[in-house]
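I've put the structures underneath this note.
Here subunit A shows up in two complexes: once beside subunit B, once beside subunit C.
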Partner chain A sequence: MRDRESHLVAGGRRWLVVAVAAGLIAFILGLLFRPVQAWSAFLVSSFFFLTVALGGLVFLAIMYVSNAGWHTVFKRVPEALAACLPASAFSMLAILAGARWLYPWTHADAVLHDELLSAKAPYLNTGFFAARMVGVLALWVFFALMTRRYSLRQDAHADIKYTRRNVVLSAIFLALFPFSFSMASIDWLMSLDPHWASTIVGLYQIAGLLSTAVAAISIVGILLRRRGALPDLTETHLHDLGKLLFGFSTMWAYLWFSQYLLIWYTNLPEETTHYLVRLQGGASFLFYLNVVLNWALPFVVLLRRPAKRSEGTLLWTSTVVLVGRWLDIHLQVVPAVAPDRLQGPMGIGFLDVALLLGFGAAFLLMTDRALGKAPLLAEGDPYLVEALHH
Partner chain B sequence: MKSRLFVAWFEREDAILEAVRAARQAGYAIEDAYTPYAVHGMDEAMGLGLSRLPWVCFGCGLAGLLLAFGFQLWTSASDWPINVGGKPPASVLAFIPLTFEFMVLLAGLGSVAALFLRARLYPSRSPRFLLPRVTNDRFALVLTRPDGHFDAPEMRILCERAGAVATELVEASS
Partner chain C sequence: MSRVRLSALREPLVTAERSLAQVTDEVCAPIERRPNTRWWLALLGAASALCFGLVCYIRTLSTGLGVWGLNNTVGWGVDITNFVFWIGIGHAGTLISAILFLFRQQWRTSVNRAAEAMTIFAVTCAGLDVIVHMGRPWLAFWTLPYPNTRGSLWVNFRSPLIWDVFAVSTYFTISLVFWYVGLLPDLATVRDRAKGRIRKLVFSLLSLGWNGSHRTWSRYETVYLLLAGLATPLVLSVHSIVSMDFATSLLPGWHTTIFPPYFVAGAVFSGFAMVLTLMLIVRAVLGWQHLITTRHLENMAKIMIVTGGIMALAYATELFTAWYSGNAYELFTFRNRMSGPYAWAYWTMVGCNVLAPQLLWFKKLRTSPIVLFPLSLVINVGMWLERFVIIVTSLHRDFVPSNWTMYWPTWVELGITIGWFGLFFTLFLLFTRALPMVSIAEVKSVLDYGREPRREPASVPWPAPIAPEFVAGSQEGAV
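Let's look at the complex of A and B:
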C-alpha cells in the first residue's frame, strides 16, 4: 500500500532520525563504558514505550468490548500506537542480552550464597525468564496484529462482522492482559530487587499503563487535529479523553498511595528499604515530583470542565503525565540497579535522557508510518456516524 | 397567585431544538424545556450557562476534607495522644484514607442536596403544573414573555412552524 502523508511528524522527520541515531550512538558508547547505566536507561525507555503501544491496544479492546462508538473518529490513533508493539517487543527482547547487568538473580554465585534467591531460583532463572518474556510479548503482538488487520479490512468492505470479530478478540485479550502484564511487571521491574516484594506492583503498572495510553492518544490526536488532519475530533471527544485521563491518573495515585501506606504501616525492614533508597538526599525530590506529575498536577488542572475541553490544556497536561510516567519507571528501575546513582544532582543522567529521546523519536516515526498506512478516518466502521455526532 | 404559561408539544428532538432557537430569537423567555431524556445541544440552544453545581461539590468536598483531617489530628495528636505501633501521634499518612472518604461523602451528599433544594424537590411540595407525557414520549416547551405581554397566537404560529404537534395554555401556581 502506498504511504500517505500523515502529518504527525511533518517537517520534523530529519530531526527525529538524528535523535534516533544519537540515542543509538549514546547507547553503544554507554555499553562500552557504563554498561549498567546504559542497560538501566534502555530498560526504562523500552518499558515506557512498550506501555504506550500496549496501552493503545488495551484502549481499543476496552472500546470494542464495551460496544463504544465515540472513539471511532480517532480510533486510528490507538491503532497506530499499537502497531508499534512488534518493534517494542523486540526492544524488550534485547533486555535478555543485558540481563546480567540488571538482574542480580542471573549471577550463579550470588544465588548460591543467598537463601532467598536460592528459594526463588525455580522461578527467577534466565531460561524461564526468557520463555515468559517471549510468551507474553508474542501474545500481545498477536492480538495487536489481528485487531489491526480486521480494522483495516473493514475500510474496504464496511462490514460489521469485522467489528464483531474484534469484539471477540478484545474480550479474550482483556481477560489475558491483566495477568500477563502483571507477570511482566513483576519479572521485568520488581525482580530487579528480588529481595523486595509488593503484591500491588502489577495493578500499579496497569493503572500507569492506562493513564499513559490516554495521554499518548490525546497528544497524537491533538497534534493531528492542529495540522488539520483530524478535523472531526471535536471538543466533546477531547472532553471524554480528559475525563479518562483525570480518572486513570487518580487511579494511579490511589494505587501508589495504597502501596506506600501499607509498607509504612507494617514497617518491615525488607519492605521499607524500597522507599528509603528513594527518599534519601537528592532522590526525594524526584520521589515527590513523581506524584506531582502523575497525579497532583493533572488532578488540579483537569478538575474543571473547560480545561478538559481545551485542546491546549489537554495537550500539555498529557505531556506532563507522559514525562511523569517515564520518571515513575525510572524510579522503579534505577535505584534498584544502582542505588548510589540517585545521589547525583538530579538522579537522571545523560544516558537516560539520550535513550528516552532516541526511543521517543523512533516511536514517533513508527506511529507516523502506521498512521500513513490507512485513511485517518475509518470510513468503513459502522460506528463512525455515531462518533461524528458525539 | 396564578400565572398563565404557554406549552407547545413536540414529537421529535430536532423540532423542539428548532423551536427553542426560534423562540429566543423572537424575544420570548423560555420558562423551561421538558424532555424524556437529555437532548444534546439543548443547553446551548436555551443559552444556559455552565452549571454552578460543581462549585457546591467542590466546596462540600473541601469542607469534608478539612473537617475529617482536623478532627483526626485533634483526637489523635492533641486531645488524647495515643502511641499506636510506635508511630508519631500526628501521622498524616494514616489520616488520608478517612479524609478521602469523608471528602467524597460530603461532596456527594452536598451536591445531591443542593440539586434538590435548587430544583425545589422536597417532600410536601406540590408541583406548579403537570406535563405527564414528558416522562413518556413527548417533548414540551414552556414559554413566557419577560415583559408580561403574552401573545398566545403568535407563540403558537412560531412553534407550529418549528413542528409542534399541539399547543395549550396552562395555569401555574407561582
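Let's look at the complex of A and C:
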C-alpha cells in the first residue's frame, strides 16, 4: 500500500502535533495537581473520540446490512474514523489506571459503609469492570479491523465476495453492538454516580453516537472535498448526510426528553438527583446549551433543503453538533465526579479544553494517516456506480 | 427510474415482466369481479366475530363494567391490553408509507397501500376500544377540551391519558389523509375503467377531478412528501405517549425511562408481523407473488429482526436495572413476572418475541412463506401477551400485600377481544373489494427497476459496470 499525500491536515500538521503535546503536558500536570479533574477530562474526551471512531464503524455496518449504495463514494471516510478505534480503545483502557479517582465503588471502605454499593458489588468491582471493558473494546476492534481488511482487499480484486463478507460481519456486529455499547455506557458513565439508574441510558448514548458519526463523517468529507480530494462527493450526498444528521439529532432529543419528562413527572428523589445537580449553580446554563447545540440549532438550520445541500452550512452545523456531543458527555461525567464544579460560573475548565484539543489533534492525525493508506475512492465496490450517479 | 444507474447487484422489484397496462389490469381485477365463495366465507367468519363482540359489549353496557374481571387492585386488564395492541399494529403502515418513503426504499410500493389500510383499521379498533373501556361511554366527549357549561370543567392537561386522546386522534387523521392522498391516482384509474354509472360517479367524486396532468402530478408529489414528513414524527409520538400512560406513574414495572423507545420498537415489530400475516394471505390468494415478492417478505423480516432486537435489548436492560437499581419493589415485580402466577405469560412472551424471531437470521427461513406465516402469528400472540404482562403483573401485586389478587378476564372481555379481530378483518376484507390493494401508480414507477443490466450483452463480466468514463478522475463524461 502506497502512502498518499495528506489531504485532511495538509499544512496544519505541525500545529496538530503541538496541540497533542500541549494536551499531554496539561494532562501530566493535571495528574500531579488536580487528578480528579484531569481524569474526568480524560474520560470525557476519550469516550467522545471513541464514539466518533465507533460511530464510523456503526455507520458502515448499517450501510452494509441495508445494501446501501449512495455512501460508497465517501465510504473511506467512516472507514478512516473506524481505523482510529484501536487507539481509542487503548485510551479507554487508560481509564483503568484512574478508576479510583472517578468511580466511588472502587473504594473498599465506601462500599462497606454503603448498603446500595455493597448490593451492587458483584457487578461494580474493579476486576469485573476491567474484564468487561477489555471484552467490549476487543469485540469492536475486531470488527473494525476485519471490515476494513475486506474493504481494502476489494480495491485490488474487485470481488463481490468481500461485500458479501462485510454484510455478514456487519450483521453480527450490529446484533452485538447495542448490547455491548449499552453495557459500556452503564459501566463507564452511569456508574460514575452508582446510586442513580435509568434504563434509557444505553439507547440515549447510541442515539448520541449516531449523530456524532454523521457529523464527523460530514466534516471530514467536506474538508476532503474542499481540498479537491473527493470531487465525487456531490451536493446530493451532502443532502442525505444532512437529512441523517437532522434525523439522528432529533432522535437524540427525543430520548433526552423521554428521560427528562418521565423523571420530572414522577419526581422520585432517587431519580431527580441526577437533574438537580446539573440544574443548580452558576453553570446550569450548560444544561440548556446541551439541548440547543445537539438539537435545537441543527433542527432549525437543517430544516430547509438548501441548508442541507450547502457545504458551508453542513460543515458548521456538524461542528456545532460535535461540540454539543462533547458537552453532553461532559455533563454526564463532571457533575457526577465533582458536583461542586458546576457551582462556578463556567463549568468547563482549562484542563477539559486542553484535553479535548489534544485528543482532537491526535484523532485528526490518525484519521489522516488512515485516509492516506488507501485510495479515497473504493473503486472495487460494486455499489460505486450508484454513488457516482446519486 | 430507469435513468438511475444501478449496481449490478440490484434485482428487479417486480419479478415478472409486466407492461403498464397489465399491472393496472392485475391490481384492478379483484375489485372489478364478483367476490368468490372464499371471500364470502372469510367475511362471514369476520362478521360473526364482530357480532359476537357486539353482543358482549351490549352486555357490558346493559349490566355495567362489573361483568368484566377487573377488581380494585387490577383496574386495567384486557381492555387496555387490546388498546395498546391495536395502536401498536397501527404503526407498521405509517412506517412503511412515510419513513421508508423518506429513505427512498422503493420496495415499499407493493405493500404500502395495504399496510396503510391496516393501520387505519387498527387505529379505528384502538380508538373505539378507548370508548368501550369507559364506565360511561356516553360521556366520551368529556375527554375533549372545549369551553363548556359544566361549571367550566376542563380536562387535565397534565394527564397522559389526555395526551393519548390528542396523539391517537392526530395519528388517525394524518394516516387517513396520507392514505387518501396516496390513493388519488389509483382512484382515478378505477374511475376511468368503471363500467357502471354509480361506480363511475363514486370514483369520480373520490378522485377529486384527477386528470393526470404534469401539474397534478407535481402537486401530488409535493403534498405526498410533505405529508410523509409530517407523519414521520407521529410514528414515534403516538406509542411514546401510550407508554407514558404507564411510565409517568410510580408503579414498579411501569415507571422506567426506556418505555417510550421500547414501546415504539414493539409497535413496529408487531405491526410488521400483522402486515406479513395479511400480505402472505393476499399474495397467495390472488397469485401476486411477482408483486409482493420473496424479497418484500425478506425485507419485512429484516425490519422485524431489528425491532425484535431492540425489544430484546429493552427486556434485558429492564431486568438488569431492576437488580442494579437496588430497589426492592422493582426487583420483586420482575421476580414476580418470571416466577409468579403469571410466569406462563412472561415466558410465552419471551419465547414469542425474543427467541422465535431469531429464526429470521437464516435467509432460507425468512424467505419461506411457510415459515413466515406461523411466525408472524406467534409474534402477534407474543406482543399481545407483552402488554398483558406489563399491565397485569405490575398491578396485581402492589405495595400492600393485603391488596394482592389475581385477574382473569371473563368471557365478556374475551368476547370483546374477539370482536376487535372481527372488526379489523371485516374492514380489511371490505377494503380488498373496494379499493386497489397495491399502489398501481407507484408500482408502475418501479417496473423496470433492476432490469436494464440484464438487457445488456450477457457477456459483460463483473466488475464491468463501472465504465471507464465513470471512474474517478475523468468525470467529464459522467451524467
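Please note the rule applied: the second predicted complex is superposed on the first by the 390 of 390 C-alpha atoms of A that agree within 3 Å, B and C clash if a C-alpha of one lies under 4 Å from a C-alpha of the other, contacts with A are read in each partner's own complex, and residues count from 1 in each chain.
Assume a residue touches a chain if its C-beta (ideal position, glycine included) is under 8 Å from a C-beta of that chain, and two chains touch if they have at least 3 such contacts.
No experiment lies behind these values; they were computed from the predicted model shown.
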Subunit C versus subunit B on the shared subunit A, clash or fit after superposition: clash
First, second, both or neither for A:268, with subunit B first and subunit C second: second
Contacts of A:231 with subunit B and subunit C, given as first, second, both or neither: second
Partner chain(s) touched by A:175 [first = subunit B, second = subunit C, both, neither]: second
Which of subunit B and subunit C A:203 touches, first, second, both or neither: second
First, second, both or neither for A:32, with subunit B first and subunit C second: neither
Partner chain in contact with A:377 - subunit B first, subunit C second, else both or neither: second
Contacts of A:305 with subunit B and subunit C, given as first, second, both or neither: first
Dominant toucher of subunit A (residue count), subunit B or subunit C: C
Intersection of subunit A interface sets (partners subunit B, subunit C): 261, 265, 389
Touch list for subunit A against partner subunit C, complex: 65, 67, 69, 115-116, 119-120, 123, 158, 160, 163, 171, 175, 178-179, 182, 186, 197-200, 202-203, 231-232, 243, 250, 254-255, 258-259, 261-263, 265-266, 268, 270, 377, 379-380, 382-386, 388-389
Complex interface listing, subunit C residues touching subunit A: 4-9, 102, 233, 236, 240, 244, 247-250, 255-261, 302, 309-310, 313-314, 316-318, 320-321, 324-327, 361, 462-463, 465-466, 470-472, 475, 478-479
Subunit A residues touching subunit B - in the complex, by the definition given at the top: 257, 260-261, 264-265, 267, 303-306, 389
Interfacial residue positions of subunit B with respect to subunit A in the complex: 40, 50, 54, 58, 85-86, 93-94, 96-97
